[in-house]
Each structure stands twice: as C-alpha cells, then as structure tokens.
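Quick heads-up: structures coming right below.
Here come two complexes built around chain A, the first alongside chain B, the second alongside chain C.
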Partner chain A sequence: MAVRKHPSFRQFLADRGFFIVLALTFALFSVATDNFLSVGNVFGVIHSMTPLAVMSVGMALVVMTGKIDISVGSVAFLSTSIGVIAMRDYGFGPLAACALTLLVGVVCGAVNGVLVARFGVDPLITTLGSMIAFRGLGLQLTNSVMLQLPEATRASGNIAVGPVYLDILFGALVIVGFHYLHTRRPFGRVLTAIGNDVVAANKVGLPVDRVVFQSFVISGLMAAVAGTMTALQLGAVTAFLGQGAEFNALAVIVVGGISLTGGRGNLLVGIPLGAALFEFIRNGLTHLGADPYSYRLVGGVVIFVAMYADAIRTKLLASRRKLIIDG
Partner chain B sequence: MATSSEPILCMTDIDKHFPGVIALTKARLTVRPGEVMALMGANGAGKSTLMNVLGGVISPNGGTIELSGATVAFQSPRDSKAAGIAFVHQELTMFGTMTVAENIFIDDFPMASQLTDTRRMRAEATRLLDLVGARIEPDMPVEQLGTGDRQLIEIARALRRNPKVIIFDEPTSSLTDRERHRLFEVVRSLRQAGAAVIYITHFLDEIFAVCDRVTVMRDGTTVSDNAIAEVTAADVVRLMLGPTEEAGRLRPPTPSSASALVEVSGLSRSGALRDVALSLRPGEIVGLWGLLGSGRTELIRALMGLDPIDDGRITWFGDGQGRSVTPTELCGFAGLVTEDRRGEGIVAPQSITDNVALPNLGHLSSALGVIDGRRAEKLACETMNRLSVKASGPQQAIGTLSGGNQQKVVLGRWLAVQPRLFLLDEPTRGLDVSAKTDILKLVVELAQSGCAVLFVSSELGELMRVADRYLVMSRGQIIDDLPPTASEDDLMRAVA
Partner chain C sequence: MSVQADPTLPAPRLRLRQYLPSLILLVLVATLLTVMWAYMPNFFRLNNIINILLQASILGLLAIGMTGVLITGGIDLSMPANMALAAVLGTMAMRSTGSAAIGPVVMLAVGLALGAVNAVAVARLKMIPFVVTLSTMTVVSGTCIWITNSVSITGLPPSYTHTLLAKPFGIPVGVFAMVLFTVIASFVMQRCVPGRWLYTVGLNPRAARIGRVPVDRVIAGAYLAAGLMAGVTAVLLTARLGSASANMGADALTLDIIAACVVGGVSTFGGVGRAYGAVFGAILITVLSNVMNLAGVSFYVGLVIKGAVIVAFVAAEHRWRH
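Entry: the complex of A and B
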C-alpha cells in the first residue's frame, strides 16, 4: 500500500532496484560469512564470471534488436572442441587454434543470422535448433570425452597481475568496446532502432537485415571467445562446456536491465552488474555452506524479479508517456 | 504566390499495374520550386501509389519522371533520397529510447574518428529543430515527447539533406490545432526557402490555408491541376468524387415517424469527436456522410465501445422507456460491419459456419456450453440460402469466397440475432457493382423489418440510393442534417 501512495518510490525501485539488491546481497554475505569479503575471493568471483559476461555482451546485441540467440552455449562448446582437436590431431599451434575457434564461432553465428535475417525464421526456433545441432556436432567430434589442453597453454587462463587476473582486464576491455559499439557506432544505433520499431526502421531505409545478420555473427564470435576463456581457465574442454550458459547469459542480460523486447538497456552498466549479482549469490551461498542445488532456485527467483522489474519499468514509461501526450 | 519558374519535378503519364489491379494510368504531377502543391483524391485514387513511385518504393510500368530537367529512374528509396526527395510519412518513424538528435541522424550519422560525432549532431540538430520551430533539447529521449514534437522531428530529419522536393503525407492527422498552425508556418518557410512541397491531406480547409496549387487524382489518374485561387472547395470535392453513377433509389425515401430507438448526445473523444448528437429511429436508414478523416469511422467505433470516449450520453429506447447505456452495452444491441472486412469482419481461415456462429454462440451452445455443430451448420445454410451466398457449402473457408459473398456472410450472421440497430461502416468497399446492389438491397430489407440503420459510405451515389436522411460530418462534428431530397450538389457543398 505504501508503494501505491508513492509512485516515485516504485520508479526508484524499478530504475535502481538491482544496485540495491546487489549491495544488499554483498552486505549480507559479508556479514554472514568470514571469507566472502576478502580481496582474493572478490577477484576470484569476478574472474570466474568474466567468460559469462563476455558471452552475455555478445548476445546482448541480438537482444537489443528484440531477438534472441540461445545457441551461444553450444557455439562455445563446438568452437573450442574444434580448436582443441586441431591442436591435438592436426598440429595447429595455440594461436592458430585460437583463430580457428573464433572462425567457427563466426560461421555458427552466420548460420543463425542467415536463417533469421535472410529466410525470416523465428530467432527462438532458429537458435533452439542450432543449439541442439551444434552441441550434437561437438559431441560427435569429441566422442563426448574430455579433451585436455596442451601443457603450454593450460595455465594461461589464470595468469594474474597481483590480485587481478588478466582475463578480467580483457573482459573489461571487451565490455567497454561493446558499449561504444552500441552507443557510438551507427551499427549500434541501428540495432537499437530495430529493437524500438522494426517497421519504422525499414521505412526509414535502415539496413535492417544486414544489421540483424551481423548481430548474430558477433554473438557467435563472442560465444567462441567466452568458450576459449573458459577452456583456458579449466585447462580442458569438457562435454559440459557451455551447457546451460545460454540461460545464464540471458539471465545476466535481463538482470542487467536490458529489455528482452529490444531497444532499451546499457551494456556498460548492465552486463557487469547482472553477471556480478549472479556470481556473488552463487559464491555467497557456497560460503554459507548451502546445498548446491539451491543455486538454481535462487537464480530462478532473481530472474523472475528482474523480469517483473522490467515489466514495471515498461508500464511506468508508458504511463509517463501518456501523461506527456495528453497534457 | 506560385512562381512562374521552370518545374523542378515533372511526372508524366505514370502507369502502374499490380496483378489484377490498375493502380495508375497516365498520372501526372508537376511542381515548381517555391510552390506548395496540394495532392487530393478519395481513397484509392492513387495518391499513395504515385508518391511511392516518386519515393522509389515501387517502380512504375511506364511514364517518365524529370527532376530539374533530367530524366531519373529510382531503384530504391535510397536513390530517391539521394536525388533530393524527402518523404515525411503519415505514420511517425520515431525510435523512442533514442535521443532527438539520434532520431534525426539515424540513417546517416556524422562521424569523427570512427565514432558518431555527438557534438556536430547536437549543433546540427539544434539548427534543424530551430528551422521547424521546435523547442526541444536534442539530447532528450523521444519517448518523453508528445506527438506534435515527434512530427516536427520527423520533418527535421527530412530537411537535413536540403531536399528539393518534400512530400508531406497527411501531416496533421494527429496534431492539435496549435501544432497544426505551427506546421503551416514550417511549410510556408520551406516555400520561402525555395523548396517544392507536395502536401497530401483530406482536410479541404488546409489546402486553402497553405497551398498554392491543387492537383486532384481520381481512379488512378490525374483529373485536374489548378491554381488554388481558381477553385472553390466544392469544386475540389466534385473533382475528387467524380460524376456519381446514375442508379435509381432502391426504395423511396421513407422518413420514419416513430420515436427514437437510440439517442446520443455530447459524445466526445479527444482528437476525434466533438460533441456529437444524433438520434436514430426504427425503420430508417441514416446516411452518415463526410470526407475521409471527418470522423465517420471514429464515430462508429466510439458508439460500439471499440475506442474509449471522454464524454457523452447514449440513451437506448429498445425496451420501452429510455435508459442510459454504455457503448459496450449498446454494442450488445447492435449489428456491426466494420470497414476493414479482412482485418476485423471475418476469421478468414475458418468456415462459413464458424463465422456465422460467432455472434450466435450464446444460443447455439448447449447447457454445458458446448457449441452444437449441427445447429450451427443449419443456421449457416439458412443464412446462405436467404442471401444467396455462392459457395461450395457451409464448410468452405470464408477467406476463399469473393468479397461480395464474404460481406453477405458478415451481414447475414447478424440476422439470427435480430438486432434492432445496425451500424455499417463502408459495407460495400471493394465489391463489384452487382454485389454492391445485393448488399444495399439487404440494408433496405433490414430497415423495412423495423431496424434502425446508420450507414457510412464514401461513395455518395451509393448513399443516395438508400438514405432516408443524411448526417453530415466534418472534423469530428455533425455539422448538418439533410433531408432525403438533398441533391448531390447540396451534399458536396455541405462537406466542402
């Protein structure tokens, strides 16, 4: 009832809600456990969330157009599998294998992009299909067994300068770069325009199909990058690499305030925030000694609350708009 | 203030055929710099097609376009834009979450070292917004602005390439009075700056307010091109509508002397209807006459509760003494035919039976709420026989019938419900001559059986075959109530 009396309070919650939740979560775990709030633990959490953030930021471009790409987890698996097999069986060096991995990601993204942008297949159906197909192909190539990385490359995922892991810096660079791509490149602006109103974008003569295609290609590429980062951290490619990652990435995007209907959201704030919230909750629960299966329940609740906040935000905007037009 | 300089744009003998339809035949349009040309025409006259040809959206089958004396052929909207033609679309193409400046530059951002040049964008946007008289911050997200401001941003976007020809497609349809006058100022200043403006509208007073010449199109061809001083509003209406077909009345005018079945007063809807009052009596066919955009459809929709109303009172006398009802309640007493048959009238993939059953589901259902298929089919057969619907059987999908037969089913399904009131919005749109007559005969039958009918048609000749009196609409108001003896001339003068 108090909420209804103060619409501005509701708006405050909708706009800043997740900063508050993140801060509260952080405070709660810091107080409740001994080791949560240590430099080592905090950077460790950020380290382990970086691949997810990199995957999410690529997928966020697709979401920005109002579409979706749930094949990213499988792309990460297929591309790294091929990279590792190239090193093991075909004598590729680490750099050449890395390049091949990224190329596979681009090709996977292009397949999705062609189906959606050129043939007009629904993006959810398209990427659901490719999610299954890419993982199937990967499992066939690897015979579902774990592939070790060569000794030389194994440790490179966990190089740190002081407490800061190298891949955190890399991830930060990627997110800043994508932020500029989104806000200051014509490509990013057209992306946002498409998410706002695809019919209007076509009428204005914007290159809608091309930009949608490119967003899927980039999503595939970043999935391969994220897969590579994960593989380097683990020192191996397992059959489970990237499994379920598409939904974690989607959750990061939603929690980060990037609207699934497209056109709305800030990558620079949203992606790190969304990813951090997830990983800190998971890590905090571990420190509390909670049942690992409870992560999923808590994660689900967080996603639901984020979606609800998104709905409230949309409704508030609509009513504000109506006020302006009527008044 | 028409200048006598050479035309900047000359479209000659433009032909365009679509499969089964001839959209344009020998359409012409000539515009000079520093001139505002009104392009008028009834629905389907070919204005939009002609402008789409000019905008590079569709390519013509024949004819030539000369721009500044050189023949051009546009392959795409991009070509047309590059040649200096700007199109301000009727529906706004704004992107709400983006800033005003970004919306203006969305299709061609100024760049500085690989990134969009926000400083230049802001400066340039401020200049353009100034030009169109908009007081808006360029950094504001568009979603926080009203329709009038958005319209001005749309124009600012069109102006940024310094176009030679600017097309305005019904720019005022969603504007308030004040915003309208601001827009007129913009058009005048464009003319002052030497641009050629093509101004499409349905509002006659606007062309006399801002235009120098008027080109009228009818049935896909250009019928006149006059200086605005040479014509009156009535002339323009006459040119737009053409000679009405001389077809006899289907029944002599029978003004009803019964007391009203429904009375409406003070019906208002912001931006669409103003203080509308009318009463309908049993057994009479009331023709609702007005040009496109006068508020005919809006009135029908408001009466049926399809659009919300701000104010007004509806009194229903159907059950003896009058009682006040809401539009939604009134809808329950009435049979409705909307102007958009494919979109709102029928469920195309379903069978005739299913479509007939729709308003009758109540009494076709058993006690358990299950629809009795056999009774529904029987009802469909009766309807088809009574209206001589040509179909293979009641199971044929309604979408595969001809337009006339579809419309018969749409009207026919109400017969079993036996409403006392019918609201018909363009029930004969897109039908051939004989199908039209069939529908009109059906309307007369309904009136003869004691129903009150409110009949909307943009074809005057058709209205004159059945109407027992005319209500004349303009700008959301009923401005006149004419007797059945009103001549074609009277009716045309009334809306001009």
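Entry: the complex of A and C
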C-alpha cells in the first residue's frame, strides 16, 4: 500500500471526524429541542457524566498498554457496597467508609493486576471472570437489594458552586492530574512504550510487569472513586450500580480517540469530549422524547462508528510503518 | 518399522506438560462425580444422565460455535444476545403466520445475519473482535428488549414444540443435535482444508497470509458459524422453554460458554482446541452448576466460583504452554 502524499479524505475523517460528530450532535439537539441549550442543562449533563469520565480515565491507562479492564463496573459496585455495609452495620464514619471503598477498589485492581502481569493470563478473560465474580460477591453481600446512604452524606454528591457542581471540579482535577501523569511522568511514558511495542519495551529494560500491574491497580481505584461519586449522586447503592459501565467507559475511550491497540491517545482531550458526546446524545434523546430502550441501540451504533475510525487510523499508521503484509 | 524421533525436539517433557491440563481436568471431573454420588446416589441412573446431557446441550452447541472463533484468536461475546434475538423474531414469525416450519428458518437466518455483521466488522473492517462483539451484544440485546418490552413471547405452534421435544429411542432431540454438531464440527476442523486453515490463522496469521491462506474469509467463516450455532440453539431452547424472551441472552451465559471452552482446552490466544473438548467442557460446567445447586451454594457465589475456575484454567494453560 503506497503512502499518499496529501492527506486523504478518509484520514481527515479518522482524525477530525469525532469533533464534527460532536458539533453536529450539539447543533442538532440545540435546534430540535427547546431546553437542551441552557446553562442548567449543559452543566447538568456534565455533572452526570463526571463519574463515567473518572472511571474511563483509570481504564484508559490500562488501554494505553494495549490491555483491557472490563471489570470496572463490578469493582465500582462491589467497593461501594462494602463501604455502605461498613457504615450501616459496623459503625464506620463517612470518611472511613470512603477510605475502605477505595481500598477495596485497589485490592480488586491488584487481583486483576497480579493475574495479568504475574501469571500472564489474557487480560480479557481475567477481567471477564473478575467482572462476573466481583458482581456476584457484591450481590451476595447486599442480597441484591438497594442500600440507602445515611442522611448526612446523601446531599454531598450534589453540592454546587453557582451552576458548577463540586464533582465537576473534582473530575476536571483528576483528568488534568492523569494527563500530567501520562505525558510528563516516567510511569506514563512507560505505559505508552508498552502499548506501542511490548517486546521492545522489555528489551530496553523497562519495568513492564510492574507498570502493567500498577495500571490495573489505578484502574480499580478510579472505578471505586467513580462508584463513590455515583452513589453520592444517587443517595443509594443499587444492584445495578456500574452495570454496563465497562461498556460505556470503553465507548468513551474509543470515541475519545484512545486506540484500543495501545500506545496512542490524549487523555486531556479525549476523555471529557468522549464522555460528553455520549451524555449529550442520551440527554438530547430524552429531550426529544425518544423511547428509553433506544438509547442502547444509538450508543452501540456510535461506538461502532468510532471503532471503525480507530481501525482506519491503525491501518494507516501500520501502512506508514510498512508492517502490514498486503493480503 | 518405527519412526525415528527427531533429536531436535525435547519431546517427552513437552508431552507431559501438554497433557497436564487434561489430567487436572480428569481429577476435577472425578471429584465432582464422587460428590454427586455421595449426595445423590440416583445421579448415575441413565435417565438422569440423559437429563444432564439435555441441559448441557444448549451450552454445548454454543460452545462449538465459540470454539471456531476462539481458534482464530478472536472472541464472540454476542452469541447469547444473538440467540435471544433469533428466538424472539422466530417466535414472532411463527405466531403471526401460525406455521411451525417458518420459525427455525427465521431463527437460523437471523443468527447467520448477525454472525455476518460480526464477520464483516472483524474480517473486512479489521476491527477488534472483542469490542465489535461487545457492541453488537449491546445493540442486539437492546433491540431485543425494545421489541419485546421485556415481556416473554408465548404462543408457539404445538407441532413445533412437539417435534423438538420428541425423544426418539429415549434420547431427546437436543442431545442428538449436540452429538451431530460435535461430529460435524470435529470432522470439518480436523479433516477438511478450511478447518486446518482455521488453526493456521489462529497460530500465525502472517505466516498463513504468506502461505496463501484466505485469512479474511477463514475468519469470516468462523463468525458466520458462530452466528449459525446461535440460531440452532435458539430453535432448541425456544422449544424447551415454550417461549422466547430477551432474558435468554443473559450475561452469565456468555461466561458459561467461555468457561466451557477454556475448561475444554480451547486456548483464548488462538490456534489450539477441539470442538469435542468444548462440548465436554460444557457438560462439566453443567454438572458443576448442578453440584453447586445441590450443595446449596447461592447463584451469586456460583458466579464467583465459575469466574475463578475460568481464570485458574487460563493461568494454568499459560504456565504449561510456555
């Protein structure tokens, strides 16, 4: 396959297509509905997407290494369940319960990390198994009933400064922090190196196993943080907390232009915009009065298109590196 | 005349390592069967064994389809969802026309069509199998819930259930189907050229391409076959349940299918595995579910145990192969 001298239309679509889709979606819903384009609604959408963005940014580190963690939704559920049970039955204060929740997230991430980095189990199978196992454990502990948060903590998820909710600021801080970690710290550079070529990373003596392990731990931790934020927003932990969240997080990552083959992507731009696209579509459909059952379908189609763009990008890059044997 | 051993291969040690997973599997089966015998002496009666096989047939048929995909190095998470949509559409077709013959045709066609979507996305558009099938799973199960409004669809023609629940020679049609498809799949995969291509593609796609194997078509074929098996399963399961619903494609079933394949010696890294192994794995998973039921283990803890079994087997496989 010859390398084209001028940027082709396909490449333009692959590189910039996502922004076009976001702008078009925003414009379409603004014109088609009355209340979509208002300060309150826009901040409301950002408010409700923040937990997803926080979860995605943790998972994105794993994806950067070319691996995957689909247990994040279950980790969010299991960790918050344990936190709420600790408050209800064992007299934990809100802060101690929060710390316990995060600790459970770290432990869950460490279990995945050990299996992948130490025992060399396929990350997909590992996290598929732990996804179901963690949720099973959580359902067993909670008897699959809804657990209310104590009165005192319930409102804290929706504190706002003017139109800006507190957790939006927190989420922004997390994303900027992770972007710094990814682009400016040795840890982030090793992540990218592993994603680009794990064999080469091993040969030059980078601590591949340790960094992969750490990325899974961080992914578990951020899943627990996201779970806590969701629970605070809802005021309760339901048996459905985090169900399907792994899919949404993956969608955010792919739509945000972070390659699932690893090594490529920008957290600062990709994660917030990827999450925004999904929430704006969902919110816009609600304003249009669409059938709630159709959201999954529309979301699925959007991620499918985003993945196709990713596949084109990977193919273009590979042909530039002349790695493909033309079939 | 004996064949001279190749001195470059460290054959004996490799052999032992290769068979270790099967040995562990045998020990596990023996333990399970002993537990069954202790708890329930009637377990080994012919009737009960046929019942277990019938229970396992749904999982076994899906596992056969999954085996082909896993051998190419891919994965198909959308199989249960595809099965549910095929069952729902087929049942709706039968209810509106009143003809029993149209049901299986629609179910197989829907299964094949959904398999074709996966096939095009993976083989032609070069998308990552896991994410493709995750998104088809979401879209398909979303569609299924949308169509049915989460209500199960009844009103099957009596001749449909009557034919498929028949027991010629005392053996249910479902068991016959499982045996038949195991034989067909094993024959195609071990004795036919496209079947051998499947392993080549899974072991080393670049080498296969250089060797003029039509890699894309082989991969597409595997996903089509998986879709077809989802359709076949839909036909049998609808008859057994007497209705079709979106719940047929629950997430836990995906785990069971992968568990069956992994326990049956199919590698998730591609290139290794047999159809009969996966069917054997399906029977084992079914017995395991029964034992856990009997021992009063809750469904949720059962999920934890199954998750752990899968991960343990894959970890063990990785250790022994490398």
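In this text, the second predicted complex is superposed on the first by the 310 of 327 C-alpha atoms of A that agree within 3 Å, B and C clash if a C-alpha of one lies under 4 Å from a C-alpha of the other, contacts with A are read in each partner's own complex, and residues count from 1 in each chain.
Heads up, the rule we're going with is that a residue touches a chain if its C-beta (ideal position, glycine included) is under 8 Å from a C-beta of that chain, and two chains touch if they have at least 3 such contacts.
Keep in mind that what you see is a predicted model, and the values were worked out from it rather than measured.
By the touch criterion stated above, A:204 is placed in contact with chain B alone, chain C being left untouched. Contacts of A:264 after superposition: chain B is touched, whereas chain C is not reached. Using the contact criterion defined above for the overlaid structures, shared-chain residue A:176 touches neither chain B nor chain C, since it reaches no partner. When chain A is checked against chain B and against chain C, the one touching more of its residues turns out to be C. Of the two partner chains placed by superposition, A:23 touches none, neither chain B nor chain C.
With both structures placed on the common chain, the touch criterion links A:288 to neither chain B nor chain C. By the document's definition of touching, neither partner reaches A:39: not chain B, not chain C.
In the superposition on chain A, A:190 makes contact with chain B only, while chain C stays out of contact range. Contacts of A:159 after superposition on the shared chain: neither chain B nor chain C is touched.
Residue overlap on chain A between the chain B contacts of one complex and the chain C contacts of the other covers 325.
By the touch criterion stated above, chain A contacts chain B in their complex at residues 180, 184-186, 189-190, 192-193, 195-197, 200-201, 203-206, 263-264, 317, 320-321, 324-326. Here chain A touches chain C in the complex through residues 68, 115, 119-122, 124-126, 128-133, 135-137, 139-140, 144, 244, 247, 250, 254, 260-261, 291, 293-297, 299-301, 303-304, 307-308, 310-311, 314-315, 325, 327, going by the rule given at the top. On the side of chain B, the complex with chain A involves touching residues 76-78, 81, 89, 91-98, 102, 106-107, 109, 111, 114-116, 118, 143-147, 270. Residues 75, 121, 125-128, 130-132, 134-136, 138-139, 141-143, 145-146, 149, 206, 209-210, 215-216, 251-252, 254-255, 258, 262, 268-269, 298-304, 306-308, 310-311, 314-315, 318-319, 322 of chain C are the ones touching chain A in the complex.
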